[in-house]
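Next up: some structures, all given as structure tokens.
Next come two complexes, and both contain chain A; in the first it sits with chain B, in the second with chain C.
And now, the complex of A and B:
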């Protein structure tokens, strides 16, 4: 009985919150800070022509640098939690599924490279490309072609950290320009593509690791 | 009432559903899902309100893109912790939680 009262109470509060928020959003005046104009004004010297990519890797490159650092820390914490559990033998899926996964994987790699390249001038970029690559790895794991990962060896460790290290190296290398991550307009496009390539590899490995290390046997 | 507002409204509903879930549900897996629902709601409010005017503001969109990736990493870490808890205690809830 007590539980039912609690449920009713919480649901009523949640519903009231929806109406409050909806009212506040309906009542919203015109924005006092409009960032669209500054973003558009500096697009020409940002090195890319898509505004979201310009914000992610040029104007607010600092956010993206810290984001990849957060991902790396999350993965390290996950590795510390899962420990040294044994890798279960991969269960082979139906041959049709395996063949489909074998066919899909090269296509997914091509799509990832395209997304990385397209990020400069249309929706796309390192995060989407990395997510597609990681999905390919997860797909291969689910059909039994890619066993779950145990302790990361040197190659994987370098790959996981490469994106962050490359980004940090570019950021500190540009300190001579005056401030962190202030690209010279002439080289901005090349630098952003370089950073995004590193980010794609590391993001794909980190996202795939999050899944493949978790798929191990539960160790007590 | 624009399309953006509909997105923001859906975001507010999702967020509240998520909050109610986090408070009411004892099962940790479902609680993580509810937490993700909260995050998705917040993202929807951000992108929804960003396109109130005719041209969408790219800054909130970039922030949401960053947030989605961080949310995925946080979810994976939470799942790893839940698995460890289950391995150590055989429980999928926190001690002291009342669940039906």
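And now, the complex of A and C:
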């Protein structure tokens, strides 16, 4: 009974909040500042032709730099909790599933490379490409072709950090241009592609790690 | 200097350096990276001092990331308040790094990823203190929050992981509310740049700006552990390893307080001051509740954690007083006083726990005789928390009382005085126990000298700062 009252109370509060928010949003006029114009106006100097990529890697590339650090920290937090437990032997799935996973993996790699390359002029980019690659690793793990990971060895640690290090190095190097991440327009396209390529590999490893380092829990 | 020599802009390097040594520590592997961290932090101390001197001389520092300028790009800006926070962060982190290097023995599971997590935490804090962009501030909040949760959870048993998980929920809900507020602000005004918003948010702001302001401040209050949102703090700060507790209590909770103050004095100054007395009321409640719980606490680190809840309360007493410039000075002085003293106190507690092998106040009998340096450090830090002259805590409380009486709010002055008495009760409770004779059977484990002396340095700094407080308080005179 007490629990019901509590649930009703919380639900009422949440509903009231939704109505308050919706009501306030309905009487919103056009905003004072419209950023679409400056985003479009500087697109030619940004090194890419897709506005979202221009915002993420150029205009607000500093946000993205720190977000990669956030992802690394999430992985570090996970590693700090799980410690060094032995990896249980992986159970092989049905041969049909294994064959399907073997067929899907090369396709997923091709899709990832395409997404990375497409990011310059249409929706896509390092995050999407990295997510597809990580999904391929998870798929292989689920059918028993890729064992879970127990501890990050030197090679893996370098791979996990490489994308961030590359991004950080470019950001620092561009201080010579006047400020952090101030791309010279002529080199912006190449530098952004370089950063995105590095990020694709590292993001794929980070996202896959978040899954593969946890997989040992199921056996424990 | 930032214009003529962009390559050596201290503002940029205060973010780049900790990111670099954090990543290096991660690549070096489990438990490694102490020396790069200490070298990096020493350089950062020098950079922060350089920046503070420049800002103190009447300048401001700015860095236009990407060269675009707000509102298209992200601007970084340092005024007196930011410079003071940067200085405190580096000044607390360096002695704690030296402390942590001796604290974590090789192979200690709690220290496996301490160095990279600490590096990212410091980078996030520095980035937060210099950011002039509401969305970028959200990213820095997430960096700080996740790194802090990772540090609390590291290598702990089920209880510690549960405390970390509770902390994770609190910090995620807090930054989620903040992010929703930022989204509403962007919806209403089309920009997240603080400088651009400043003239736009006026007294006749739409209802949405009020909701946004309320959400952002509520989220940040949760992250600052202001009463009654303090529920996550005692288990998280009390259960973590001592260097982590010190970092969290001294710095991390101050970051969200800084952000509230920044919004209050900056882009949301038309909206937030309506809540000034609510803040002060919660601050007063925090002082009484936190002190009461500290007086009753059985465990030493739990006592210190509840003392943090109480000491954070003073920071919120300044909000109704902000008409007088002394109020901001008092706030900054309290941030420094509590930051240094609490870091020193948790560090001293870490020594006591290592030496006695347990974490209760009752088990401290004989500590004064065996660990005089550590108990002296604890006493000095306690002096600052009580607000005895000539400590910086005295200066902070004196400034609050002065600002309160000048504006006729004697009730705030009374709360400050009562809080000082309550602090005396819980500090003296520990000291009294430490002065008792040790039971004959008690043996103390040997503790590295570095641990004792770095705790002492922090605690002594909190007292000595009171003698040089004027220069520090002049720094945030120039809040822009």
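Convention: the second predicted complex is superposed on the first by the 217 of 220 C-alpha atoms of A that agree within 3 Å, B and C clash if a C-alpha of one lies under 4 Å from a C-alpha of the other, contacts with A are read in each partner's own complex, and residues count from 1 in each chain.
One rule holds for everything that comes next: a contact is a pair of C-beta atoms (placed from the backbone, for glycine too) under 8 Å apart; a residue touches a chain by one contact, two chains touch by 3 or more.
In this text the structure is predicted, and so the values were computed from the model without any measurement.
Once the two complexes are overlaid on the shared chain, A:81 sits against chain B and chain C alike.
Touch criterion met: A:207 reaches chain B, while chain C stays clear of it. Contacts of A:127 after superposition: chain B is touched, whereas chain C is not reached.
By the touch criterion defined above, A:70 reaches both chain B and chain C. Of the two partner chains placed by the overlay, chain B and chain C both lie in contact with A:60.
Of the two partner chains, chain C is the only one that A:32 touches; chain B does not reach it.
By the touch criterion stated above, A:51 is placed in contact with chain B alone, chain C being left untouched. In the superposed model, A:7 lies in contact with chain B only, and not with chain C. In the superposition on chain A, A:18 makes contact with chain B only, not with chain C.
Overlap of the chain B and chain C interfaces on chain A comprises residues 21, 25, 28, 31, 34-35, 39, 60, 63, 67, 70, 74, 77, 81. Put simply, chain B touches chain A in their complex at residues 5, 8-9, 12-13, 15-17, 19-20, 23-24, 45, 49, 52-53, 55, 57-59, 61-63, 65-66, 68-70, 72-74, 76-77, 79-81, 83-84, 86-88, 98, 100. By the touch criterion stated above, chain C contacts chain A in their complex at residues 6-7, 9, 12, 16, 19-20, 22-23, 26-27, 29-30, 63-68, 71-74, 109, 112-113, 116-117, 120, 123-124, 127, 135-136, 139-140, 142-143, 146-147, 149-151, 153-156, 161, 164, 184, 187-191, 196, 200, 206-208, 211. Touching chain B in their complex are the following residues of chain A: 3, 6-7, 10-11, 13-15, 17-18, 21-22, 25-26, 28, 31, 34-36, 39, 51-52, 54-56, 60, 63-64, 67, 70-71, 74-75, 77-78, 81-82, 127, 203, 206-207, 210-211, 214, 218-220.
Those residues of chain A lying in contact with chain C across their complex are 20-21, 23-25, 27-28, 31-35, 38-39, 42, 58-63, 66-67, 69-70, 72-74, 76-77, 79-81, 83-84, 151, 154, 157-158, 160-161, 164-165, 168, 171-172, 175-183.
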